[in-house]
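These are the structures, in C-alpha cells.
Shared between the two complexes below is subunit A, which has subunit B as its partner in the first and subunit C in the second.
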Partner chain A sequence: MEAMQEPACEHSMNNNNHKGCAKPKPGEAAGGCSFDGAQITLLPIADVAHLVHGPIACGGNSWEGRGSLSSGSSLHRYGLTTNLNEQQIIFGGEKQLRDAIRGIVDRFSPPAIFVYSTCITALIGVDLDAICRSETEKLGISIIPVNSPGFVGSKSLGNRLAGEALLDYVIGTALPPSESKWDINLIGEYNIAGEIWDIKELLAQVGINILSKITGDGRFNEVRWAHRTKLNMVVCSRALINMARKMEERYDIPYFEGSFYGAKETTASLQTIARLLNDKELIDRVQAFTNQEEKKLDQELENYRKKLRGKRAVLYTGGVKSWSIISALQELGIDVVGVGTNKSTNEDIARIRERIGKDAKLIESGGAKKILQTFRKEKGDILIAGGRNMYVALKEHIPFIDINQERHHAYAGYKGLKKLAEQLVNSLENPVWQIVKLQPPWKER
Partner chain B sequence: MTKKLDIKDHNTLFQAEKYQKQAEGKRVFEAACSVQEVEDTVELLKTEEYKEKNFNREAAVINPAKACQPLGAVLAALGFEGTLPFVHGSQGCVAYFRSHFARHFKEPVPAVSSSMTEDGAVFGGMRNLIEGLENSTALYKPKMIAVSTTCMAEVIGDDLSAFIENARIEGAIDQEFPVPFANTPSFVGSHITGYDSMMRSILAYLSEKNGDLSYKIPSEKVNIITGFDTYTGNFSELKRILELMDVDYTFLGDHSDNLDSPANGEYNYYYGGTKLDDVAQAHNANGTLLLQKYSTKKVTKYINKKWKQDTIAVSSPLGIKNTDQLLKNIKELTGKDIPQVLKDERGRVVDALADSHPYLHGKRVAMTGDPDLLLGLISFCLEVGIEPVHIVCTNGDKNFAEEAEALLKTSPYGMEGKVHIGKDLWHMRSLLLTEPVDFAIGGTHMKYCAKDAEIPLVRVGFPIFDRHHMHRYPIIGYQGTLNLLTLIVNTILQQLDDEAPAHSFDAVR
Partner chain C sequence: MVTYKTEKELTINPLKVSQTLGGVLALQGFYQAIPIVHGSQGCAAFIKALLTQHYQEPIAIQTTALQEMNIIFGAEQSMIQAMDTVLEKHKPSIVAVLSTGLTETAGDDLIGNVANYIKGLNKECGCFVFPVALPDFEGSLESGYSRTVEAMIRQLLKREKVCVSNKKIKNQINFLPGAHLTPGDVMEIKRILHSFGFTVVTAPDLSTSLAGNQGLGYSPLTQGGISYNQSKQLVSSEWTIAVGASMAGAAKIMEEIAGIPFRVFPSLSGLKANDEFFSFLQEISKQPVSPFYHWERDTLVDCLLDAHFSFLGKKVVLALEPDHLYSFITLCKELGLKFDGLVTSFSTNILSKMEEEIIIGDLDDLEKMAASADLWISSSHGEQGANRMNIPFMPLGFPIFHQLGNSLVTSVGYRGTIETIIKLGNLLK
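Our next item is the complex of A and B:
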C-alpha cells in the first residue's frame, strides 16, 4: 500500500486524486506482472540465490529471460524454485520452502537468498516474512522475503516493491571497506548487454566511483553499504524512484534522474553529478573530458550520420528510454516521428515533448497495431522497440532494432552511441529488405 | 541386462599410455622431423608467401572438389525405370561409385562392372562387355542397361557401339533390349560431364528407337530434368510445386526413389524412375525445364536440335529470387497460375529470412561445389547480406566464372567475392588462412580446411558423408530456402554460443 502512495511519483494516490500505479486493463495485451517486475529489479544481484516460491511456471518461464550480465558470480542465473504441486498447495508448501532454502545454503552457501512470493503462495497465505525470519536466525544468513505476487499490479509496481525489500532488509546493514569523495550509486541500471561496464569505465575516466550498483552486475554487499554514498543517480526513473527518495529522507543523500543514452545526455549526466557533488576540481575535469569525448565522437560518427540523416524513426519503449533514446537518435540526424508512451510517466512525456516538439505523434497505448499505424502514417524508416514487437515489424517488412532487455548491444555512453549508429545502419542497409519487398515476377500490376 | 563391455573407440583408445609410448618410439625409429620443424611448416602454410606458391602450383591437385565422369553417368542411369548402371572397365571404379553414393545417401546402390583385367587391357574389352551384359541381364533382370566407360576402356579405344551390336548377334542380349551407352573418361571433365553425356545418350536412344521424332502429337506436358542433383528432397519438393500448380509433367531422370527406398523388409534393385515409354513420348511435350545448366549442356542442345523443343535452363533455384524465377518459368511454359498456397509459403519464408537476418548480416563465407549449386548459393547469400568471399569451383569453366562474377557484382555484399575455377581445396585452405572468413559452405571434404581455419562448415552439396539425412530435405524452392536458412543461421548461432563468455551465454537470440 505504501508503494502506491509514493510521493515522488505523480501517479501516487496522494497526488491529484490519482489511483496509484496504473492497473493493467483486462483484455489488453499487457506487459509483465509485479512478480516479474520484482525479479527484474533484484535478479541482477549476481551472488545471491533467487528462489521463487510457487508453481513451476513463474520461475520456469522467466528463467534466463533477461540480459542482465554479471562479471563474476553467476548464481543469479540458476533458476531456483520450489516448484509447488497440488498436494503442497493444499497443505501450505512451508516445508518445501524451508527445505529449498536449506538445500540452497548447503549447495551454494550464498551471502543471501531472495525469496519471491507468487500469486499462489500469497493466495494460500504462506507467511513468507515469518518463515524467512526464522530461517535467517537458524542459518545465520539473510533470507529476504520479496512480497510482490503477480496479482497486485503492474511490472512497475513490482520494481518498486523490490526496492522496498532492499530498503527494509539490505541497505544500511554494512559499511564499505573504503570510501572516496566522489562516490555515487546507480539506481535502476540493470546492466543489459553489459552497459554498466561501459558506464563504469566512463565515470572512472573523470574519477567518479560507483559505490553501489543497484542492481546491474551488483553484489549483495555493495547494496548493503549503499547508504554511505554521496549521491544517487536514478537511471530508470519509474522503477526505483521510491528508493532514491527514501534514501534522501533517511540518510540525506541527494538524488537526480539522468540517462547515459546519447552524447548530450551523457554529458548532462556527468555535469549534474559534478554539480551535485559540488567539487570545483570535478566540475573542471568533467568539462574537459566531455569536450574532448564529444569532439572525438563527432569525427567517428561522420560516416554514420551521412547514412542516417533524415531517416524517420518510431520509438516504442518504456520509461526513461522513451525520452533519452530520442536525444541519441536526434544526435545521429534521425527524425523521431512517433513515440510510444504506454509506460512513461507524465514527467517522461514532458521530456519527450521538449525533445521532439508538438508535431510528433505520441502513441499512448494500443499495442502493435497502433504502432504500425503510426509508422505507416508517418512514413517511418525504422522501428525501435522491444522484442515483443519485433516479429510484427519484421512481418510487415519494417527494419527494426531491439532496444529492450533481449538485445546484445550496449548503447550507453559515447561509445554506445557509436554502436547504436552502427546497428541502425546495419538494420537499414541489410539487403533482406529488398528481398522482402521484391514483387514476385508473376504479380499483375 | 548384460554386463556392459568397456571397449574404447579410436578417439580414446590411442590416448592410452601404452600407445602414446609406442608412437614416441615409432617417431624415433622413423627419424621423423623435429616438433619445431613441424610447427614451422604449419606456420609457413598460413602465409601469403605460401599462398602465392600454392596458386602457382601446376603439377599436383590436392583435395579436388569433384568426382569423375562415370560417377555422374551412374546417377543419370539410376533415374530410369528398371535400369542397371553398367560401367565398362576395371571393377574398382564401380566399387568406388557405389560406396560414394552409399555413404552419401545411406542406401544400397545397384551398379555393375565388366570387370576388365589384364587380358582385357591387352586384347580389348569386348569379351568382358558381352559376358557382362549376358550375366547381368540374367542376374538382375533389368529393363534397360546403361553403359558408361572408365579411363581404361577409353585409353585402349574400345568401340562400344560395335561391341553391343556383337552382343546382340551372339544372343547375349535380346535384339530389342535397350542398351544406351556413353563415353565417359575420367580424365576429361567431371561427374557433371558424365551425367550430361549419359542423360543425353539415354534420351536419344529411347526417343529415337521407340518414338517417332518426325511428327509431334501436341501435348500440355512439360519435361523436367534436374541435372546432377543429390537431394532426393528436391525431387519431392519440385513435384509438390508442380502438383500445386496443376502441371502435367514428366521427369526425365528421377533417381529419388532409387536412392530413398522404404525399409519394408524386402529390397528390390529398382525403385521408381522415369518410365521408358514416357521418354519415347517426351519429344511431344510443350517444353523442357532444366534445373541445372552446366550439367546439362549436351542434353539441352540435343533437345533443341532433335526434339525441336523449347528449353529453359536455370541454375539451382535456391533463394527467393531464383524460386520466383522458377515459378515464373513454369507459368510461362504451361500457362498455369501460381496458387495461393505457394504465395503464402513465399511470404512465410520471406518472414523467416527477415527474422534471421541480423545474425547473417555481413558474415563472410567461403564455398565450394558444382557450378550450378554455387550460383544458387551465391544468390541466396546476397539476399540476406552474407558476403561470399572465396568461391572455389574445381569443375567450373570460364562461362561459369563469368556468370558468377557478374552475379557477385549485382550486390555490395558480393564486392569481395573471388571466383576460382579449376582450383582445389588446398588452394581453398590457403585462402581461408590468409583471408579469414566466418564460415564455410560445402561438402564433407571441406571439413578439413574449415577445421584448420577454425570455422564451422555448413554442409551443402555432394558428397556429404559425415552428416545424416541432409539430402532428404530440399534446398530448392521456398521450402528449400527455409531449410538452407535454418541450417546456416543455426550454425552461426551455435558458433555464437560456443564463443560466448559465461555472461553472454544468452537464452534468447
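Our next item is the complex of A and C:
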C-alpha cells in the first residue's frame, strides 16, 4: 500500500509542506470556506433536509449553487436556514434552532436532518452536538451536527469534516436489504451533470454493483449501510481519503483511489476493483470488457484525435481532477502545458509530475492572473478550469471548457472521453474566436 | 401594507441574500475598484460565484480571509494585511471594505479601523478607501447596495471638500441607479437623459462594467464603471435623479452637503411612470422630447392594446427585492393583472404605503399563495416552486441561473416597458 498522506489538519504538524492546511492569505485568497466544503460533500444526499444555522449569508448566498443531480427526491434542493437576526444571535439562537428542526420534521418528515454550524453560531458558542442529540432523542429521527464553520479553514477541510460527520453519525447504523459479492462504494463522486449515472451503467456492464453512493445522487439509507461494502473507491476528493482509511480501520474494508476520467484511468480503475475484490471471474470480465471498449473508443476518437493532436491545454482545477483529467487530455493527443496545483496535495503533485514530466508549468496559486500568464507564456490553445474562471478566459478570447461543479456535461468513463473530445473540438473550431478579432469599422474614440 | 413573518422559526427557500453581496455589486459600477469583504473566505467566495453566474462577467472581489484565531484576537490585523496586499499588488483607484455578519457579531470596529488605516496611508497613494457596515442579519441586496453608495458619496464629499463650493455645470445631472436596475436598464436611462442634451454622471455605473465591455482583457479590478475622477463631478451637477426609492438617501446627502436638488423616480416601468419622467426631463432641460420616443410611446400604447387580452382576469405572484417589487406591482396594475401573493425581503417606506398586502418572507410563502396563480415571477430560486405548482415561471431579480442576457434585459423607459409587456403577454396567453 502506498504511503499515506492524510490531508487532515492535525497531521500537518508532522508534514510541514502539506498544502491542504495552508492558511488563506488576506487580500489574495481565493476559494471557499469549510462550510462550503461540508455542503459540497453532504448536499448531494437528496432525501434529507439540510439546515443551515446562521444568518442569511451562509444559506441565502449559497443554495442551489451546484450541479449535483438527483434521480428522485429533491428535498436537498430546498434552501433551509434559521436566518438568524440580531436579537436571536444575542440570545444564542438555540430556541430558533430547535424550533426550526421541529418545523422541518412536521413539514417534510425526512429520514434525517443535517444541521450545519456557521461562523456566527460557532462564535456565540451554540452547542450543536448537544442540541442535535436531545432533538434526536425527542423526535426519533437522526439530527446530525456538522461542525464545519467557515472560519476553521479551507473547502477541503470542510469536505473532511463532513466525512467525519458521516462516520460518526451515519455509517454503520443500518443493513442493506441485499448484498452481492461485487459491491463497492463510490466516495467523493457528487454526480455533477449526472456523471454517477454513467459510472453506474459502466460498472453494471461488468456486474459491479454500487452499494453506497457517497454522496452523488445519494440517499440517507445507503450511506447508513456503507460499512457492508466489499471495497471503497475514492473517486474525486483526496479530502475524503480519511473516510476510506477509517472505514478500513473500523470495518476492514480495503480502498483505493481512482478516476473515471479518460479511457486509461477508467480501465485502470476497473482492473483495480477486480483485483481488490479478488475474483477471477470479475478479473476476466473486466479484461474482456475494457479491451472491447477501448478498441471501440479508439475508432470513435480517430477523427477527433486528428484535430486535437498537438493542441496545448492549460488545466486549472482542484485536487484529484488535476491529475486524472491530464490522462484524459493526453489520450486525445493534447499537450498539457500548465497545471494548477492550488488545491492538490503533494501526492497529487507527484502524480501530475508522473504524467506531464518536468517541463510543464505548475501553477501553485495566484488565481486568474497567474493562469493567464502561464497560458500566454506556454502558448496555450484552450483553458480547462472551473466556472469562476470562465469569464476570465472569455474576456481574453480564450477557448474554455468548464470542468467543475457548475458544468452541464458528464465526462466520466469511455463515453465521457468521447464527449470531452467532442466538446474540445467544437469549442476550438467555433467561429467565434475568429470573429471577435475583427476591428470595429470606426477609429478608436 | 407590509406584513411581517418574523415569528417564523425556519426560512424555507430564502429570497434574501446578504447585504454584503449588494455592496460588492455596487462596487462593480466603479472603475479600477475592488471590494474587500471582511469575513471568512467563504463570505467572498459565495458572493463571487453568485454574481459571476448571474452577470456572466468576471467579478472584482477580495477577502480578509478571517480564520477563527483572527476573530478571537482581533480582525483588524487581517484587514490591514488585506489592504496592504491589494494596494500593493493591484493598485486600485477605489477600495471599499465591507463588513459581514461575522465581523459585526464579533464586535469588530471596521469603520474606526479603516479610518485609522486611511490616516496612515502614504500621501502618494491616491487610492480612495471607504468602509461600509453591512451586517447580514438585516436588510438584503438592495440595502447593501444603497448603503454602499451612500457611504461612498459621504466619503467622497468629505475628501473633496474643496470642490463642493464649485460652480454647478450647466446641463450636467447626476443619475443614481438603484440595485434593481440591470446594466441594460442603466444604459437605457442614460440614453434617455442624453437625448435631452444632458451630460450625465452615473454612479454606480453598471452599464459600462457588467454589460460586457471588451478590449481591456482580464484584470482583478473592475474594468468598467465610473472612475474616481469622474465621480468627483457628482458635486458640480445641477440635478440628481435617483431611480428606485432606495437611492433617495444618497440623493439627499448630495442635496444636504452639495446643495444639489433631487428627484426620486421609484419606478420607470409602465406608461404613467415614463410620462412623468419625460415631462420632468422636458421641464428641467427645456428641450423637446426626441421623435424617437414619440414613436416608442405610440408603440407602447399599441402594445398595451394588443396585449390586454392576455391579461384579462389573470393573477400573478411576485417575489422581489423592495424597489423591484414596487416597480413591477405598478406595472402589473397598469396591465390589469391581479396579485395572489407578493413577497419581499425586508420592509421599506415605499412598500409600507402601498395598499396591497406585501409579506416579508421567503419563496415558500410565495409557493403557499401560488396555487391558483397564472404566473410566478421571481429569481431562479423560485423556479422549483413554480414547477411544483405547475405554473409558468418568469425569471426576474437576482440571481438568475442558466439564462443568457441577464445584464441586458430592459424593463425601463417606453422601450423596456414594451419588452416586458411582450414577455408577460407571451407567458400568460
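In this section, the second predicted complex is superposed on the first by the 417 of 445 C-alpha atoms of A that agree within 3 Å, B and C clash if a C-alpha of one lies under 4 Å from a C-alpha of the other, contacts with A are read in each partner's own complex, and residues count from 1 in each chain.
Criterion: a contact is a pair of C-beta atoms (placed from the backbone, for glycine too) under 8 Å apart; a residue touches a chain by one contact, two chains touch by 3 or more.
Remember, it's a predicted structure, so these values are computed and weren't measured experimentally.
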Problem - Simultaneous placement of subunit C and subunit B on subunit A, clash or fit - result: clash
Exercise for the section: Could you say whether A:74 touches subunit B, subunit C, both of them, or neither, answering first, second, both or neither? Expected result: both
Exercise for the section: Between subunit B and subunit C, pick out the one touching the greater number of residues of subunit A. Expected result: C
Practice task
Mind working out whether A:134 is in touch with subunit B, subunit C, both or neither, as first, second, both or neither?
Solution key: neither
Handout entry: First (subunit B), second (subunit C), both or neither touched by A:346
Key = neither
Practice task
Using the touch definition from the top, say if A:84 reaches subunit B (first), subunit C (second), both or neither.
Solution key: second
Practice task
Examine A:291 and indicate which partner it touches, taking first as subunit B and second as subunit C; both and neither are also allowed.
Solution key: neither
Exercise for the section: Classify the contacts of A:387 with the two partner chains as first (subunit B alone), second (subunit C alone), both, or neither. Expected result: both
Practice task
Quick one: classify A:303 as touching subunit B (first), subunit C (second), both or neither.
Solution key: neither
Exercise for the section: Applying the touch criterion given at the start, work out whether A:64 contacts subunit B, subunit C, both or neither, answering first, second, both or neither. Expected result: both
Problem - Which superposed partner A:104 touches (first subunit B, second subunit C, both, neither) - result: second
Exercise for the section: For subunit B, sort through 76-84, 184-192 or 256-264 and name the stretch that clashes with subunit C after the overlay. Expected result: 256-264
Fill in the blank from the handout: Dual-contact residues of subunit A, meaning touching subunit B and subunit C, are 63-65, 74, 387, 391, 395, 406, 436
Completion exercise
Per the touch rule, the subunit A residues reaching subunit B in their complex are 63-65, 67, 69-71, 74, 194, 387, 391, 394-395, 397, 406, 408, 426-427, 430-432, 434-436, 438, 440-442
Exercise for the section: Report the residues of subunit A in contact with subunit C in the complex, numbered from low to high. Expected result: 23-36, 51, 54-65, 74, 77-86, 89, 96, 99-100, 102-104, 107, 119-120, 122-124, 149-154, 367-369, 372, 387-388, 390-392, 395-396, 406, 436
Handout entry: Complex contacts: residues of subunit B adjacent to subunit A
Key = 320-321, 324-325, 327-328, 331, 338, 343, 346, 350-351, 353-355, 357-358, 361-362, 382-385, 411-413, 502-504, 506-509
Problem - subunit C - residues contacting subunit A, complex - result: 6, 9-14, 16-18, 20-21, 36, 39-50, 52-53, 56-58, 62-68, 70-71, 78-79, 81-86, 89, 100-102, 105-106, 135-138, 140, 214, 216-218, 220, 223, 380-381, 384, 401
